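Listed below are the structures to be examined.
In the two assemblies presented below, subunit A is common to both, partnered first by subunit B and then by subunit C.
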Partner chain A sequence: MKNVKGILLMTALLSSVAALSACGSKEEEVQEGKTLLNFEYLQAGFGDAPYQALAEAFMAEHDDVLVKLRPNKDINTTTASRLETKNNMSDIYIVRDVLEIQRWAAKGWVHDLKDDVYSAKIDGEETLMDLMDEDALEYSKVNDHFYSVPEYYNIDGFVYDAALWEKNGWEVPTTTKELEELCLKIKSDSTVAPIVYCGGPNSADGYLYFATDGWMTAFEGRTNLKRFYAFESPDVFKPENSRGKWHGLTNLKTFFYGDYVMARSQDKDFMTAQKDIIDGKAAMMLNGSWFINENKRMLDVNPKANMKMFKVPEVSDSNNVKLRAEGYATVTGKELICADVGASYFIPEYAPHRDLAVEFLKFINRRSSSVLYTLNSNAPRPLDYNIDPTSEAYKDMTDFGKSVLDIVRNNELFLAFSKSPLMLEGHVGLYAKGRRESSIYQKMTPDEVLEDEYNYVLNNWDSWTKA
Partner chain B sequence: MSGSFTPKTKWRKKQLVFVWLMLAIPILQFLVFFVYVNIDSFIIAFQNFDYTNQVTEWTTDNFRFFFADLTQKEAIKTAMFNSLLVGLNDAVLVIVSAMLAYFFFKKVPGRNIFRIIFFLPSIISIVIYTMVFKYMFSADMHGLIPETLMAFGVPEGDLPLWFSDPWLARSLILIYCLWVGTGYNILILGGSMANIPSDVMEYSKLEGVSMFRELFQIVIPMIWPTISVAFIGSISVSFTLFMQVNLITGGLPHLIDGSGGATATISFLVNSMIGSNRERAAAYGLCFTAISIPIILIARKIMDVVNKKLGF
Partner chain C sequence: MNSKRTIILLASLSALLSSCTGSSNARLEAPTFEKASSPMHFTAYACPTVENWSGTSNNVNCATEEHYRKLAEAGFTKALALYEGAPGGARTTAEHVRKSHAAAEQDAMKILEQAEKFGIKYYVRDWSFYGLVKNYSDITTKEQYEEIIRSMLHEDNPYINSPSFLGNYGHDEPNYDELAKIKDQVEIYNRVMKELGKEGAECVINLNPSYVSGAGLNFHTYSEYVDYYFENIAPLVGYGSFDFYPFLFDYVDGSYMRQMYLYNIELFARKCKEGGYELRSYIQDKGDFTGTRDMCGIGDFRFQIYTLMAFGARDITYYTYSGEESESEGGFALMNFMDGTYNWTYDLAKKVNNEVHAFEDAYLSYKWDGVMYKNANILIDNQNFANLVDPLESHDRVSFGDVSEDTLLTSFKNDEGDDAFMLVNFTDPYFKKSDTVTLKFNNARGLLMYRMGQKMVVPLNNGEYTFKLYPGEGRFIIPIK
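Up next, the complex of A and B:
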């Protein structure tokens, strides 16, 4: 009898293990008498603030709904299995990799938003297609489908403490010539290092590509960049067609691998480098619009720091004349800066509350919601909404947020993406072998880098295009 | 006497049920996380996702790209070189562990302190331990190593760049693997030493055999099968080492051609490719597996030959 009990106990134990392994498969549908809508996003720089604000605003309009935030730092690795098994699945997600969403969509795991969201009236009579800017619309379109909605445009530049700069009489540079003069002035005026970056492990390569991409974009102009990203022939990698990259890499050497950079920057992790900026040990650092959200705690203990951001200065010659590539063109006549879609929303095909998730996504894309999002994230959405200095929203923003929006308003954004199979399948990118900022650090000249890239592309082009 | 059960056969039946229930979970785990995953990876290696038409197609191109990358990009050669370094490092680790296990076995003074030092990494989470190890070398975190160097007069600006110099970054990973792997190997080899018949050791003592001779001519030959297993295990580790690289250097610094990281191992390289092209990553994984199998088999053969020569 004792043995039978033992076996039963063991069986029960095993069953409970099996049951536990499936725990979460039946997500609670109702909580506090309200329908539960799970909203999952990458736990990263912005923190929870923008998502909390959107959730609260939605719940204020839908008192029978409880939006549960599910920040997940492993979202890129956990989502696929949840979609496949339909276990522990959220109703709406934000992930960074839009190509991954396309792969999931091909498996039937992602809901097509074309009719429900893109063609639906979002704000008055306007649909999302009316509100969204052309590049972002093209970015999200897959043949005749839309499986995702861009969350925000990533805006980057040099982050600095305006209070420190004002005290020292340092002015925001608009060209590389002025940037160099400023670096010299900072060095002579103070013990503050002009520039710090985070070149250490797991620190986004010091965000150095913000500068090199920025310089390339500013130099090349929209038409040339569009031609490059079409990848129609290996000629787009020819050194003579890559002068924007050349300027980017040359300026990188001057500003980041020379005398203007804080000692040991190449070994720093991102939090330490950010602390150096907030503590006033360095004057500027490449970073993004998430800076003050990510560093809220450090800024709270340094209330005197007044963080702002300025765009990567324009490429100029020694006479301070801005340099432009042959065929340089923009649409608005404003200077061009690069932007990318930071992350995208999507709704699983088998989301427990798919219709409610669609409603939430429509709500998120209203003008008022976009304002709310920007107020809490400092990041612009690729939609038509008013964040001009005349708007109420602008007045409520931090100085940092205002400086980010000023960059957006005063420049033309170029969304760097390609629909070429060569790029989508990982054969080429802005660089073919991989990011080349480190090549310059390791003493390769920009000319050698461009030559190496072109030869590599030329050797493999036929093989890639045949595949 | 079919149909009738004696208490003994009943008991055997219950025992069988119990045994199978206990085996069910590991077997299931093996089937799902080894058999299924490997078959799936094999299939994926022959596929490519066509983003334009949103379909998955069959192809052998991923293998073609492996061989093209092998000759044109630094990343694969560097990853293979780093994995080889890890394998050699682990071979040294087995030797060092055998010596330390012997000192513990001989109950040398101070062994308990060393036991704590070497066993600590085996009982603390790898993530925590790696972070502690990493910060030991970080000047920004006022780590022990830079602070000690500065106490000896090295200016802050001249401190070694542990994470951005390729050889220093590699050495960090190797030192970490030595430190963390020692405890586990001491446990295994020490257990094996404990099984050496006590009369053999007594005889050696009566004969006045030195510790050095006892270790190399008696103890090591007698525990050779265990050393052999540890050694073969260490070779396979060189193909699978990922977490330590990811946590300590993140594969950095970058190679001069930008194609990968100077501290990336084979496993790290394959893992880092998954984000950009998982089909190609699977093909790379298969190619590396094809390379690793004969290496492991040759190593095993060598260990067997040595074992036979030792004659125990």
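Up next, the complex of A and C:
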């Protein structure tokens, strides 16, 4: 049993009691004979497993170091004040919003990793720049500086119970035509709802954007999306230039706001909806690679469930022909899927043990560490390392994890980001007025949404660009 | 009343017996306190409002004697308008200002009439004034602000002459860039009110909590934001106010407490102490779409109120007193203005507010001085404690013994240099953990303390006393030499 927390606690108990003051004041973070490295991350879907694994492996090589895990549900709102006050700071953090890291860097709070990590030899003679894929490298670069390292690519899709599907003879759909046929079959075969989502409060908007973005990405292709994210003219929001979004929103209406969705999905929180999938009450749910870590307790009491994930099916017509935008292109010829950076590492400029944090971050980016991370998170890192689920390294991986890696290997990943000031200043994004899935729920048509977006951009473009 | 007297008598007898059994030769003389010039304030945000306040809501008339009697009985001393004075449709800024002010005057007078009967003070939300610096794209200069303010505040304005009128709601949760304009707004407000012989009328300004960042603060740091306020606006209004809602809903554990709660309170308490300003803040009394959870019991109210008082707060606003929801719908406030019914949280608020009023004379005669804490498990840092910037290393009058839960202890001094302390069970009351705390006092033979509104005098055994604090409980303690 990998009970790192227990190990840390016992170690701390034996070695640090003398260093603690009796009351009231700050407790000295000193462990006899060991340097304490505080590692803080968002306490969320992945749980502690990947971070425990990395901490354990690092300590195995550094017996003079104690890595203390600091999971923090509140990390998005606690970090700025702690960096500013230099109080209660951890040595290394993982946070979701890379723009926040860049803003903190502008205030001098974040250590530039260019020389210490990006240019350093990480794995043999290879540097992190050698290992990291081109998009992720560009994503992390700020005026020739690097203040963050991407933690993982968020791979999403439809999560399903393969055991339930096998029993019913349901097959994974590859197109929207097949998805619709499957939904009809599920409805006629069983009492299982084809699709459930979590539209309730604080539940990531039902993850519906995984589907709409997936359909848009698959339809548009890399070249068109790159052009869109350059935001060089308001024309990129013209309805006729937004057919990928149109397909996304149209399919959203068909599959999530029609007859195929489980009753009251709009009110469900994410744990309830996930339980519906695990209990076999629904057949599919949009979700991410953290699914089985987040639901470990529920899966432990449902050992027959064999969860897997398939990518959002390609947009197709009624003849099951896959549809592509004009100018569609990819680099590899594989189909294109979204792959957002889920979170990023950074090291505070005034971290108590900054040099050690740098060593830990270099360690984390080794190929062997990335395998360890993926084994424990089911999420791929944006680096060059082994992600072959059939290889010996992944022999103990769950079928869920392997299905995620299959999605990664069999498709071309597209990282959506922009260096345009319009996006950095928050004026535009994929949608200029924020996510629009709820507009469809509120009965706007996709055409009306796209028209509304374009008019809004057109009306504000001059003021945004002048500013 | 009788039971309270009995307890005091027993406590005094106990102290007397203690002195006879050798721990001291003299009877414990508890200090007495003069009536405070101003009470501990509890402010009802969104107080009972007028019928059909928006013109479309179909709510019943809550601006009645019955509802304001209940407000006063629940220990509220101030009311802050949210719904009254909602403006009708307008095509131009001038029309909007005129209509807003007319609506505010009309509604405010109805509330003031009831508030006056029960000694409640009222902040008017005149929508021609509230949010002045951001609501109108064509109103941007000081001259324009002054023109609007003078059109609203003049001798013929009936509400400013009501004995219950306390001031106007100026701005809630401004971003950083709005602060400079708010300074102008407040300066003009103060000047005009002085000309009208209403010096002391308050312009209510409430800042964002520390969990707002990024664009919400125009990419300034929270310290920069707070510093600007205390350098430029606090001298004009005389207080520092912010809202922080600590309890979040957690899908796994049921509840989660934000980690920067004490940091935020400490920051404001320190600024108020340095500048001699009054500390004001808010409590969460319901959950909402932002992820905050509904109240689970009286401990939630006690926890927030005693924690704020532990840093010297003298004005605590309930967010919100009224709302559209009843208990079955979730997100429910103390009362439902749609049908005029009360939720169970009203009774809890009433109990806690009145237990605080019971010792306000003692509490208000001291000023906050510093903060200490103790983690129940030395291996697990309570992150709220860890985020305190300037905790005391020790205190010459008191030290911690054992604690069974994470415990907050703050210190106070009065003008004579006498000490007092607030002791708080600092665990999320959702988990219903009681805290057994032993404190050791120096140079003290006994304690005067206030426990849930009841005054107690107890002798010390070798300077020590062991407290049992219920979830959320705070104990105000004054050592007796």
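Keep in mind that, in the parts below, the second predicted complex is superposed on the first by the 435 of 467 C-alpha atoms of A that agree within 3 Å, B and C clash if a C-alpha of one lies under 4 Å from a C-alpha of the other, contacts with A are read in each partner's own complex, and residues count from 1 in each chain.
In the analysis below, a residue touches a chain if its C-beta (ideal position, glycine included) is under 8 Å from a C-beta of that chain, and two chains touch if they have at least 3 such contacts.
On a predicted model such as this, the values are computed, not experimentally measured, just so you know.
S.K.: Return the chain, subunit B or subunit C, that is in touch with more residues of subunit A.
M.R.: Between subunit B and subunit C, B touches the greater number of residues in subunit A.
S.K.: Does the superposition put A:124 against subunit B (first), subunit C (second), both, or neither?
M.R.: In the superposed model, A:124 contacts neither subunit B nor subunit C.
S.K.: Please work out whether A:442 is in contact with subunit B alone, subunit C alone, both, or neither, and reply first, second, both or neither.
M.R.: First partner only.
S.K.: In the superposed arrangement, which partner chain does A:78 touch: subunit B (first), subunit C (second), both, or neither?
M.R.: second
S.K.: Considering only the touch criterion stated at the top, classify A:142 as touching first (subunit B), second (subunit C), both, or neither.
M.R.: The first partner, subunit B, only.
S.K.: I'd like to know which partner A:88 touches here: subunit B for first, subunit C for second, both or neither.
M.R.: In the superposed model, A:88 contacts subunit C only, not subunit B.
S.K.: Examine A:169 and indicate which partner it touches, taking first as subunit B and second as subunit C; both and neither are also allowed.
M.R.: A:169 sits against neither subunit B nor subunit C.
S.K.: Give one of first, second, both or neither to describe whether A:263 is in contact with subunit B, with subunit C, with both, or with none.
M.R.: Only subunit B is touched by A:263; subunit C is not.
S.K.: Quick one: classify A:434 as touching subunit B (first), subunit C (second), both or neither.
M.R.: In the superposed model, A:434 contacts subunit B only, not subunit C.
S.K.: So which bits of subunit A does subunit B touch that subunit C touches too?
M.R.: Residues common to the subunit A contacts of subunit C and of subunit B are 17, 103, 201-202, 269, 426, listed in rising order.
S.K.: What part of subunit A is in contact with subunit B in the complex they form?
M.R.: Within the complex, subunit A contacts subunit B at residues 3-4, 6-7, 10-11, 14, 17, 76, 97, 99, 102-103, 105-106, 142-143, 199-202, 205, 263-264, 266-269, 272, 419, 421, 424-426, 431, 433-439, 441-442, 444, 452, 456, 459-460, 463, 467.
S.K.: Sort out for me which residues of subunit C touch subunit A in the complex.
M.R.: 210-211, 213-215, 219, 221-223, 248-252, 256, 258-260, 263, 289, 291, 372-375, 378-379, 381, 383, 386-389, 391-395, 399-400, 409
S.K.: Give the list of subunit B residues in touch with subunit A in this complex.
M.R.: 11, 14, 17-18, 21-22, 24-25, 48-52, 54-56, 59, 61, 64-65, 68, 72-73, 75, 134, 138-141, 156-157, 159, 161-164, 248-260, 275-277, 280
S.K.: Okay, in this complex, where on subunit A does subunit C touch?
M.R.: Residues 9, 12-13, 16-17, 20-27, 72-74, 77-78, 80-82, 84-85, 87-88, 100, 103, 107, 201-202, 269-271, 426.
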